[in-house]
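The following pair of complexes shares a single chain, chain A, combined with chain B in the former and chain C in the latter.
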Partner chain A sequence: MVLKIFFPQCCNRADSGLLVGRWISGHDSAVVLAVIHYPFIPGQVKQYIQQMQAQSGVELSVLGSWSLPKEGQEGMESFLRDLSTIFPQERWLQIKRQMGKTGFTCEILNRDQNDQHDDSDNKKKQEKKKEEEEGEEEEKVIFVHYEQRKVMLSQLHPIENGVPDPKTEPPSELRQVFQTVARSQPLFFLDRYDDGPLKSTHWQSEGREASIIMELLKQASVPLCLLISWLLSVWTWICNVRIFSLYPLRFLSSKLSTCVQLSYRTEHLRTLSSAKPATGHTEFMRKSNILVSFLIDVALGLLLISWLYRDDHIRMLANTLVPAADHVAKELEELLQWLMGAPAGLKMNRALDQVLGRFFLYHIHLWISYIHLMSPFIEGILWYGGLSACLGLTFALSLLSDMVALLTFHIYCFYVYGARLYCLKIYGLSSLWRLFRGKKWNVLRQRVDSCSYDLDQLFIGTLLFTILLFLLPTTALYYLVFTLLRLGVVLFQGILHLSVDFINSFPLFAMGLRICRSYRLGEGVKFRVLCEEPGTALHLLMEINPLKCSTVVQTYRTPTYSCYPKDSWAALIKKLFVGELIYPWRHKSTKTD
Partner chain B sequence: MEDETYTDINGKAISLDCQSHSGLCREFTVSSAKVSIGKVMVYTCSVWLFAYAVFFFTQNTAVLSCAILITLVGMMFHIHFVKVDHESLLVIGSLGIQVSSSYASGRETTTFIEMSRIKDIVINEAIYMHQIIYYLCVLLKDPSEPNAVSSVVPLFQNSKPRLNCLVKVYKSCQEILSKC
Partner chain C sequence: MGPDGAPGPSVPWQKVLWERQPFPDNYVDQRFLEELRRNEGIRQYRYWTVVKEAGFVGQQLSCVAIFISLWLYMEQGLLSPETLLWSSLVCALLGYGLYQSLSSQVESGCEPRTRLADLQSAAIFLSFTFGFSPVLKTLTESVSTDTVYAMSAIMLLAHLVSFPYTHPSPPGSLSLNAALFASVCLASRLPGALHTFAMLSCALMVFALWPCLLQRVRDIAPTHFTGVCLGVCVGGVGGLGLQSPGGAVLLALALGSVTLLCPLLLVRLQRHKDNIQGPWDEAEIHEDLDHGRGT
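Let's look at the complex of A and B:
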């Protein structure tokens, strides 16, 4: 069987010593984590390894010996060979390297060979076995070099949460290697400036790495989290006051996107300000994504505020708003006058036309008076509403969407009236058409059955059918016009909601990590053959294959209350044709619908 | 280190390079033809002639700059995402198989499949319209179900070499896979 040794690149030039690492169970491989240098006391080494095992939970052991002889260290090899008796193992690896050569040589001593007596016969047997091994040794050992720091920080995807379930098969070899290196962090705390009895080489042995900014942030985050959680508890208490649980307010708050966004952000802040640090990679990424997206949101909101509140932009906006509403109302009136005449050359039924037209004109008149009533307050509303952008750009967008919904409420009303009228007409027509042909809808069996009608039923039914049929173009036209207007408003609101959803859910932190530190999110590994000298074992370099950007977005997307199209296109067109009221965007909310 | 001339299924010449790094590790590289300068010139000239004709009728210089932009972007897109320069297969006994394709701009996409997931490497045949195509593929298995094939990964999809090339690669791979 081929033995695979995962060797860290930082130990390529380490001084001679002992190899500390882990044997991967189930596969014929070993991971070397560090090299402990001579001089050492074996008892202290054993104690250190037990300590590290307790701290990290990794089954560490002494794998073998490493020798890179420098000048004046000739006797090292035999000394290191004799160490195999002090550290009892199943297998003892002896890895040697010459200065100036790039290849390693490895000998494997099995336990039963160590127990042999020192007879000449047995010595000959040992020499023969060693020769055989040397002859085939390039086929018996593969060295896989890995960069320790990157493998330690990397996370392989798809993420398997380490729940040790005896029924499922153990994780694959590479995953075990990554997990071993990641969990052996306590081993890498011993650097060369420590005054302890042992000296070791690993990726941090030149000095422990830390960042002052991260440490300061960690210290500052504790009181900040306490403050945020206290503020959140106050806010939740206010929200749960009984007066807000009355039916109309609850219904309203579930429909207004600002309130929904507010509750969503409160949930996020609650996640962020929890006292426990993140356990596991997924939770850490989730928290970081939430934090980064919240900060970016607030930054964009402040940018919007800085643009809005200088140069009297608010007054300009308020001054254009009322004339714009007037203009829209005038256009609608003209549209209705056109419909009341002979629109597009079609001949309408005069009476119905006048009724519907006057009805809608009166509505518009009401709405315009309402706007004129509000016009002195518009600037104030805009000014205070713009302040909400300091909570984030998403709030400003949600507020805009809500304001658009309120301002175009009359279009929504027209649409509902037109749709209901049209729907009634269509149902009436279809039922009377069935009567015309002598059939009936069987509600019990949900199918069309034949039915014999009386003469007067047939007579009245035919009359009504004719009336409805000839009134159909008028109603259909009004319905068409108002549906198009409503769809336009819905489209605009949909765009606003989609951009809010995008800001909410896009995993900016994960994308930044993928771009700047691509080794942290790994899809797999890739191997490269390192050029070696003939006669030595095979050396491979293992690099981390970064995750594809689309997979990053898919895996780390923050779940939101996103609005997505409820019906497919075909269902939507069918509903429009029949006259059912359409609510094309559905909110994925948990409580109300 | 051999380099005979093979062809792909459409008749274009490709080359196969087998490198044996050790008894357990072999690498096979199939290289397709490079981007031909003649084709590039033909496409560029035709696009620009068309743009010049449109400019002649509309007298709008934006058409010309558009055409230049389209040509540049199209060429960059082609060499970065479409044109495959060579595909390689690295078989490491008892570790796994690495499949990588390298594009004309130098971009490389690599996938590594571990040995515990590999059931076998076989040559499959497929019927495509009027042709029967042979392709080399890796059969994957779920480690929990060693007898069922969970999925199939075809190799050398862009170069599409013919059977003689595939047989050579197949025999080499089977030697390594049978050892471990």
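Let's look at the complex of A and C:
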């Protein structure tokens, strides 16, 4: 049987006293949390421990005694042994250390057996002989040293939240150690330097950290949160006004990415400004991630603004925008003229070609007139639109994406016309091909059956089949050209959305924590041997393994309305072939709970 | 092991395998293969009957030839579309009258089509074809001539191959569709929209309506049927001969081989037929065809 004692490093040089900690049930281990020094009154110690137990919820108890005799303090051993009778325990640990030596010695007193199991050199051989005769096992002790402050602040991953289910296995030993140290915060308030009935040594004894800024921020955040929540409630009330729930407006606002981003940020701010502090590690991390993302977003947006409003950049942009749109329209016109000829030597049906080409040319002409109508207002729109970047870079990017969508609306229209025509043609052809062979589609059985048609059905069907077949290359070419254009626009918009999504969801705070304070996000522990001498107990140092960066990102990603491809590649190609309209990006809603 | 082998034991052999017998498993006695039947159900063909039936195939071939020669005339401008239209109309009316007079002689069990339904069908055909003829005319404008000829040839061949020679009425889907497809391809090569319309009406008559009439003639007056077939064949050869003598010679040869040579081969080769049937054949389920066919 091996007894593991988790000993804090800060107590290595503590004066002699009582060990306070917790026995881990189910495993043979104990966690030492603090050392209470002499002089003390046992009744006060017991009262203090009960008080701490009630406050923290950890089953604290006196584990044993610790002796580091300084000059002039001899004869403590018998005194310490007598203490075991005052604090009745199942097992009583007596840990001794000599100044100048690295190893500890530990004696374990069992209450019922009243035997002494000793690890020290002198009695070891005797004990072994005695035990071999009796056939019992010797109890070995391993000291695992840990840095108390780091373990207190660390969180083991994967995170187990909530009340542990009694049916599942109890948490592992390591988890229990970490949980014990983390929850024993009330124990660490009183220090040996405080004026109180008890003097204890723990991590605070190594020097308290000055975090006045944090305290000030904590004090200032309360009224700020109140202000933000009030503003948000006003904003939500405005948004829920009945007039905005009309169908066209609601449809538009769900399509425009700016509105989506706005609602998303509102959600975030609402999470941030809730009055109660974060319960649990996950909520705390999420809040901090949101806050840091938001601040970085706003900072980047302000950077963009400072660049944009300097040196008349807005006027330059506005002056290049209208000629750019003109240029796009001209290119489209040239493309259509090329299609109306004999593009790439393909055989097009001249009449249909002319019809389609003229139709699209008229559309482009309409569009150009619309752009020219809008041109005086472009600068103003850009100026006010650029102001939105002060809410964050994501807003500017969403606005850009929306503007691109609006400017290329004619390409979208062309794509829809071409796709519908092509789709109709493909369906007609497939159905008439079945008629050609004398078969028909059985809708009930979802299969192809033979069918005897009437004479007129056959005649008209064959005529239509011939017509559709010969007109197929023309329609297919128009469809192909406009689909490629549409896919280009979709790709560009997709890049914008992906970058917005990245800014929204990347857990900057968690990454910063992983880089600067890597012990706070722990994946496991590793042990290093400190002192291994035969005769003394084994001393190990427990170091926290930091979490891998990829796991950090995966665990702490803020869930967003991320856009991801709706179809796999095979399904996309099939849809393109048949002529169905494609909407390659799908927005996931944040309301998953 | 067989009837010539050593005399077996006195127990008679039974053709069963579930009883232990003193014979080996592959033993056969003298009743071996007595249930073998040779050439059961074989028909003895008579030459001239087969020739008469094969005449139908030749007739269909000549129909196609007539259609092609009509198209050739139209393309070279020797035949004007109005002439063709009027003659098709007259022929159609004559054929319709003949059809009705023949069907009045027979009590038809199925629903008779009323005159109104026929008129309606005719109106649909004509209006549709007339309406679409400008579109059909420009359909193959950009396709090269060779491709058009190749497509038409393949489609006419498919029509001949898939033609339902036993029950041509109603016409089978694939054969009629293939013929119409070929006629559209050819008709779109003609100079004007009216030409296209005339050609398509002619194609409809030749490929859709003529087989119905012929079937009716065959059912009612078999002797006249042979005469009609012969007439069509002669007409085909003659019509083609005026345009291209080489084509006419080819057609005559094809007709000759189909109607005269192939039956001879069939009758001759019948002698070499050697089918065996016996109890080892797969069971055949004979359905009563009249009960199985839906209404």
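Everything below uses one rule, namely that the second predicted complex is superposed on the first by the 554 of 593 C-alpha atoms of A that agree within 3 Å, B and C clash if a C-alpha of one lies under 4 Å from a C-alpha of the other, contacts with A are read in each partner's own complex, and residues count from 1 in each chain.
Everything below uses one rule, namely that a contact is a pair of C-beta atoms (placed from the backbone, for glycine too) under 8 Å apart; a residue touches a chain by one contact, two chains touch by 3 or more.
As the structure is a prediction and not an experimental result, all values here were calculated from the model.
Taken together through their common chain A, the two structures put chain B and chain C side by side without a clash.
In the superposed pair of complexes, A:Gly57 makes contact with neither chain B nor chain C.
Judged by the touch definition given at the top, the superposed model places A:Gly341 against neither chain B nor chain C.
Using the contact criterion defined above for the overlaid structures, shared-chain residue A:Gly512 touches neither chain B nor chain C, since it reaches no partner.
By the document's definition of touching, neither partner reaches A:Gly488: not chain B, not chain C.
After overlaying the two complexes on the shared chain, residue contacts for A:Pro323 are found with neither chain B nor chain C.
Of the two partner chains placed around the shared chain by superposition, chain B is the only one that A:Val529 touches, whereas chain C remains out of contact.
After overlaying the two complexes on the shared chain, residue contacts for A:Thr462 are found with chain C alone; chain B is out of touch. The superposed three-chain arrangement places the nearest Cα atoms of chain B and chain C 48 Å from each other. When the two complexes are superposed on chain A, none of the residues of chain A touches both chain B and chain C. The residues of chain A lying in touch with chain C in their complex are 342, 347-351, 435-438, 452-456, 458-463, 465-467, 470-471. Taken in their complex, chain C has these residues touching chain A: 121, 124-125, 128-129, 132, 135-136, 138-143, 170-174, 176-177, 180-181, 184-185, 204, 208. Of all residues in chain B, only 21-25, 27, 90, 92-95, 98, 100, 110-112, 114, 116-117, 143-144, 180 touch chain A in the complex they form.
Contact residues on chain A toward chain B in their complex (touch as defined above): 1-2, 4, 27-28, 138-139, 142, 144, 168-169, 172-174, 524-527, 529, 537-538, 540, 545.
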